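The following blocks contain the structures, represented as structure tokens.
After this come two complexes, each holding chain A, first together with chain B and then together with chain C.
This part shows the complex of A and B:
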């Protein structure tokens, strides 16, 4: 059996753990640059705020109902996610982290257990230890576990656990799941299925296999098998090594001067460098792009990018920044209102198999020592505590995050206050 | 693999301690039993001075510990964190200060009150005491 455990309204729940005054109030967390609502409390959902709704469309609603708004604080969410995952890991090592707020758990070694009770125990422990509410769906395959999780939420958020392990409980769940709610069915296939009279997941069990093969290809066949209880989706314990790493951000405001864009590019490149070092990889190519806002019709439009081949694969931020600056000089044109810039390091290889260059003038030993000192200092004092000269001082390009909460659990200055008054 | 320096090799005599070297004491390990459920808080105010918690003290708070009678807890009252001693008497529950200048809070049925975590350790900066 497989369980899918996910955190309810995760970002909102994290904010509430450390700001209990937010409990019971409508709350939304915004995407980068405070653009759209990406996490909503139940109270906010009830007001009709939907996923990814842009803030400018709901400004009146926010004012009228005093909706609490927060910028996304990924430092906080990342730490809370790690806590939740490590508690679940203490039950069984075989888990697959699917996203920041959900994971699959292999319960195949727990067949003699009462799985619904086990799920409920995990749920209680996560809530006790972290304050984060989770729901648990248990079933034979990943697709069914995902469905059971959804059903658990819909049926009764108080119980928060649904175990589809008998014919009756499976059927009940399938009958109450619309085809467009099934994991892996996109809007195109959902439309096709509904047009052909298949409305619920239980209707799908009756579909002739021939029809599925013809109309929904191998994806559909796999899905149908999963619904019938045969596992077809692979278990991925470790994420596959990355093929490239991208850091790009929209600016908090429009930028046209080169100096500021240089600062942003340097910061993004340095972030790529530290991610590379974290994964013990090196990049053989670097790609830099800049663009104006295509949705602003009044502005002159420009988009350009360039990829540079590096003479020797590297993960030194210093060296990467030098090439990124070179790339920017090639593509930058003045007179435009730039909205976004990004850096992608690609063609990655393990750092222990890099090919040295015959005419290589870099002092790689020294560079490596500098980078590892940089990483260890920043690990202690916080991200970008020590940074490159090219990387900003004004931070004009920085993300708009006006409602950012403190990093309660990762930054010593930000820890919550307890009143003794 | 990360290698660790365990001792310097002296050119003259080998250190008689080299066979006896052990890890230094790590306060994280000593003070934090359950890292996933432990958080730090900063105290504001002097209502807990009698329990050796001065203003600005650092609290190591463990959410996984069960609050018992006389536990020092971080509780949420009216949407705010407060540090108090939990007193359980028959069917009644109180949040008691440790300073006669402050009042005890009776936790009534209709009150919005939640025990957020149990204070496991109190750390104070000796220069501030």
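This part shows the complex of A and C:
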């Protein structure tokens, strides 16, 4: 059996853990640059605020209903996510972290346990230790577990656990799930299925396999097998190695001067370098892009990008920044209001299989030692505590985050204080 | 002004609807050609399959006093769309679709301006290099994409037209 454990309204729940005054109030967390609502409390959902709704479209609603608004605080959410995951890991080692707020757990060794009770226990412990509410869906396959989780949220929110381990419980869940709510069915397939009279997940069990193969390819066949209880989606205990890494951000304000864009590009490149070293990978190419805001119809528009081939694959931030600056010199044009810049490191390979260059005169041993020291210091004192000169402090280009909550769990200065009388 | 777009006709409107493009954003279109002297106003109607995309576009043209979103499902809007597609007198209504053989409208003068722009980018294509400009409509503006080796540039085409 497989369980899918998913945190409820995760970003909002994280904010509420450290600010209990937010409980019971409509709350939304915004995307980068305070653009759109990306997490909503149940109260906010009831007001009709939908996922990814731009803030400028709901300003009146926010004022009228006193909706609490927070900028996204990924440091806090990342740390809270790790805490939730570590509690679940203490029950079983075989887990697959699917995203920041959900994971699959393999319960195959728990044949003699009451899985619904186990799910409730996990739910209670996560809530007690972290304050984050979670829902648990248990079933034979990943697709059914995902469906069970959704069913638990919708139909038994108080219990928060649904175990689809009998024919009756599976059928009940399938009958209450519309085809467009099934994990893996996009809008096109949903449209096709509805047009052909298949409305709920239980209807899909009756579809002839030939029809599925013809109209929905092997993806549909796999999905059908999963719904029938045959596991077809493989288990990924460790995420597959990345093929490329991208760091890009919209600026908090429009930038025209080259020096500021250089700082942003250097910071993004340095972040890419750090991620590469974490993954023990090296990049063979670097891609840099800058762009204006296409939504400002009256502005002059410019998008430009360039990909540079590196002579030897590297994960040294110093070397990557040098090439990124070269790329920026190629693409930068003055006279535009730039809104976004980004760096992508491409063509990644493991760092132990690098092809050295015959004419390479970089001191790679020294570079490796410097990067290693830099990573160690930053790990202890925080991201970018030690940084490159070009990088600066990003005062002008930093993201807009006017409602940012403190990093309660990762920063000494931000640790909440309690007064005892 | 370089204008490769089609006039909105009833047939074209019908084709949009048949293909599920039921939302149209109206905006002013800066055009003045000799053959069109006497024409009062030029508009371009851009078609979208959903209201969200149309509203995205609509939000980018807030300075346009004549901006409007038509929804084919709305009876009153439908009537106005049909009128717009019927070549109403005093108006020239363009659709967001390239006309047949539009490439022939690119004059030598424009080609020269494109060359000048490429030169200004510091690109140095050799005799054998081919740079094929790719034209597309984005939020009611004509854009051009230029690619050379690993470099890409996308700009409004009017910027190239304005090169002296």
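Here, the second predicted complex is superposed on the first by the 418 of 421 C-alpha atoms of A that agree within 3 Å, B and C clash if a C-alpha of one lies under 4 Å from a C-alpha of the other, contacts with A are read in each partner's own complex, and residues count from 1 in each chain.
As a convention for this text, contacts are C-beta pairs under 8 Å (C-beta built on N, C-alpha and C of every residue); 3 or more make two chains touch, one makes a residue touch a chain.
Here the structure is a predicted model, which means the values were calculated and not measured.
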| item | value |
| --- | --- |
| Which superposed partner A:112 touches (first chain B, second chain C, both, neither) | neither |
| Chain B versus chain C as contact partner of A:330, first or second or both or neither | second |
| Partner chain(s) touched by A:297 [first = chain B, second = chain C, both, neither] | second |
| Partner chain in contact with A:306 - chain B first, chain C second, else both or neither | second |
| First (chain B), second (chain C), both or neither touched by A:417 | first |
| Which partner reaches more residues of chain A (counting touched residues only), chain B or chain C | B |
| Set of chain A residues, in rising order, touched by both chain B and chain C | none |
| Touching residues on chain A, where the partner in the complex is chain B | 20-23, 83-84, 86-87, 125, 128-131, 408-409, 412, 415-421 |
| Contact set on chain C toward chain A in their complex | 56, 59-64, 121-122, 138-141, 143, 150-156, 159 |
| Residues on chain B engaged by chain A in the complex (per definition of touch) | 34-37, 39-48, 53, 55, 58-59, 63-64, 74, 76, 78-83, 97, 102, 114, 116 |
| Touching residues (chain side chain A, partner chain C) in the complex | 294-298, 300-309, 330-331, 333 |
